[in-house]
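Multiple structures are listed underneath, in structure tokens.
Okay, so chain A shows up in both of these, paired with chain B first and chain C after.
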Partner chain A sequence: MDVEVLGTTNDQLRLLVREIEPTFMSAIRRIIMAEVPIPAIDKVYIAENTGVLYDEMLAHRLGLIPLKGGETLTLPEKCSCDKKGCNLCESVLTLEVEAKEDNSIVYSGRLKAEGSVFPANNEIPIVKLNSGQKVALVAHARLGLGKEHAKWQPVSACVVKYEPVISIDSKKCELRAVCVEECPKKILAVKGKNLAVTSIWDCSLCKVCEEVCPNSAIRVSYNDRNSELIVETTGSLSTEELVLAACEVLLHKCEDLKNSIKDLPEAS
Partner chain B sequence: MIIPVRCFTCGKVVADKWEEFKKEVSKGENPAKVLDSLGIKRYCCRRMFLSHVELIDESLKFHVHGKEEGKI
Partner chain C sequence: MAHYLCEKCGKVIDSNELLGLPGIRCPSCGHRILYKARSQIVHEIKSH
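For the complex of A and B:
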């Protein structure tokens, strides 16, 4: 196994992993999407809401705000309080706003963290209020898994892609450059007397180039031994933390399996 | 009503980019270019902006201005 970073931005990571089973990469991908715990608001106690959004809509919007922190929290399923909710598995945020002007927007940055959990993004509009309208509420955030509700899914996109392989038969190619024009990702170019691929990882394996080539000089296939993992976080955890957390979860699963096998009664 | 916090399909946070989008488009900028510059690549997220109507503004117009509790 050999890992290379193809590119990173604030919220996206592109990781190239060579010589790996595609099923293994898919396991990592599925764990990132569904089984890495992150915090999200789960209960909202609304004391006052005189704005135009219903309480339910307000609570739903609050739930979708990505939250950071909460490393010390435990999953309610594993907590000693038996899923009732206590200060070991829940963190409190409060919001108290009275609008002074018409059309004033209440942003997620106004949520005051009483515990370790706070909004990952301070610019999300929660509600719009006219002057005199009030919102006062207490929100309880807890850890959860993506398979329970999408608000606990730490990624907006998490994709595994095989390595594209484009083979060009230079004997058949007449350099008419139809494929260069037609390629939706614009990854083909004529360089000197040859047709060249400029950025192979941007290829989406759509095979338009194959279809438009009059001489069948270009062939698109893939190599499933090498995969690219694209992770796009919503902000709760960084992309690097996400990949590491997923590996950790997978390790625990294997450990559990190993222990259960050990506990089996000896076959006689 | 109000811009959804996340994209319905993929879950990317879109609400924080709405005001910038609205500002640029009202200046006469091409919506496609604004979305590109905001980093909204997928068409599921792009339609969140292009098809959104901020109805909460209409709703707010009909709200009585007053500070007494229970009368609003």
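For the complex of A and C:
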């Protein structure tokens, strides 16, 4: 296995992993999406809400705000409180706002953290209020998994892509450059007397070039032994933390399986 | 006990005060539009 970083930004990571089973990469992808615990608001106690958005909608919108700082919390399933909710597995946020003018928007930055958990982004609109309208609430955030509800999904996109393989038959190619124009990703170019691929990993395997080539000089296929993993975080955890956390979860699953097999009674 | 708000005078009316009146109307000003006031009990709302 050989890993290379193809590109990284604040919220996106592109990893190239060579010589790996596609099923293994898919397992990592699925764990990132569904089994890495992150915090999200789960219970809301609304004392006052004179805005037009009713309580349930307000609670739903609060739940979808990505939160940071859940490292100190434990999953309610593993907490000693037996899922009742305590300061080990829950963190409190409060919101108290009265609009001074019409059409004022309440953003996630107005949520005040009483514990370790706080919003990952301060510019997410929660509710729009008119002058004099009030919202006062207490929200309880807890850790959860993406398979329970999408609000606990730490990624907005998590994709595994096989390595594209583009083969160009220079004997058949007449350099009409129809494929260069038609390619939606613009990854083909005429260089000198040859057709060349400029950035192979941007190919989306759409095969438009194959269809428009009158001489069938270009063929697009893929190599599933080399994969690209694209992780785009919502902000709860960094992309690097997400990949590492997914590896940890997979490791624990394997250890659980190993221990279960060890505990089996020997076949007579 | 349910509470109502008069649309005109803003008075908070207990539901018992409405029982003796002919139809729904504010006991102090007689206005016939009443709103149901928000309950004082804070409920837990699950964020689904």
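Couple of notes before you dig in:
Keep this in mind: the second predicted complex is superposed on the first by the 268 of 268 C-alpha atoms of A that agree within 3 Å, B and C clash if a C-alpha of one lies under 4 Å from a C-alpha of the other, contacts with A are read in each partner's own complex, and residues count from 1 in each chain.
Throughout what follows, a contact is a pair of C-beta atoms (placed from the backbone, for glycine too) under 8 Å apart; a residue touches a chain by one contact, two chains touch by 3 or more.
Keep in mind that what you see is a predicted model, and the values were worked out from it rather than measured.
In the superposition on chain A, contact of A:Q133 is made with chain B only, not with chain C.
Once the two complexes are laid over each other on the shared chain, residue contacts for A:E123 go to chain B alone; chain C is not touched.
Legend: residue contacts after superposition of the two complexes on their common chain; A:I46 is shown touching chain C, with no touch to chain B.
Once the two complexes are laid over each other on the shared chain, residue contacts for A:A59 go to chain C alone; chain B is not touched. In the overlay built on the shared chain, the residue A:G7 is in contact with neither chain B nor chain C. In the superposition on chain A, A:H149 makes contact with chain C only, not with chain B. In the superposition on chain A, A:T234 makes contact with chain B only, while chain C stays out of contact range.
In the superposed three-chain model, the partner touching more residues of chain A is B, compared with the other of chain B and chain C. Contacts of A:N103 after superposition on the shared chain: chain B is touched, whereas chain C is not. Residues of chain B that touch chain A in their complex: 1-3, 5-7, 10-13, 15-16, 18-19, 42, 56-57, 59-60, 63, 65-67, 69, 72.
The touching residues of chain A, counted against chain C in their complex, run 40-49, 55-56, 59-60, 62-63, 139, 149, 151. Taken together, the chain A residues at the contact with chain B in this complex read 50, 52-53, 57, 61, 64-66, 102-103, 105, 121, 123-125, 127-133, 150, 153, 155-157, 232, 234-235.
Across the interface of their complex, chain A is touched by residues 38, 42-48 of chain C.
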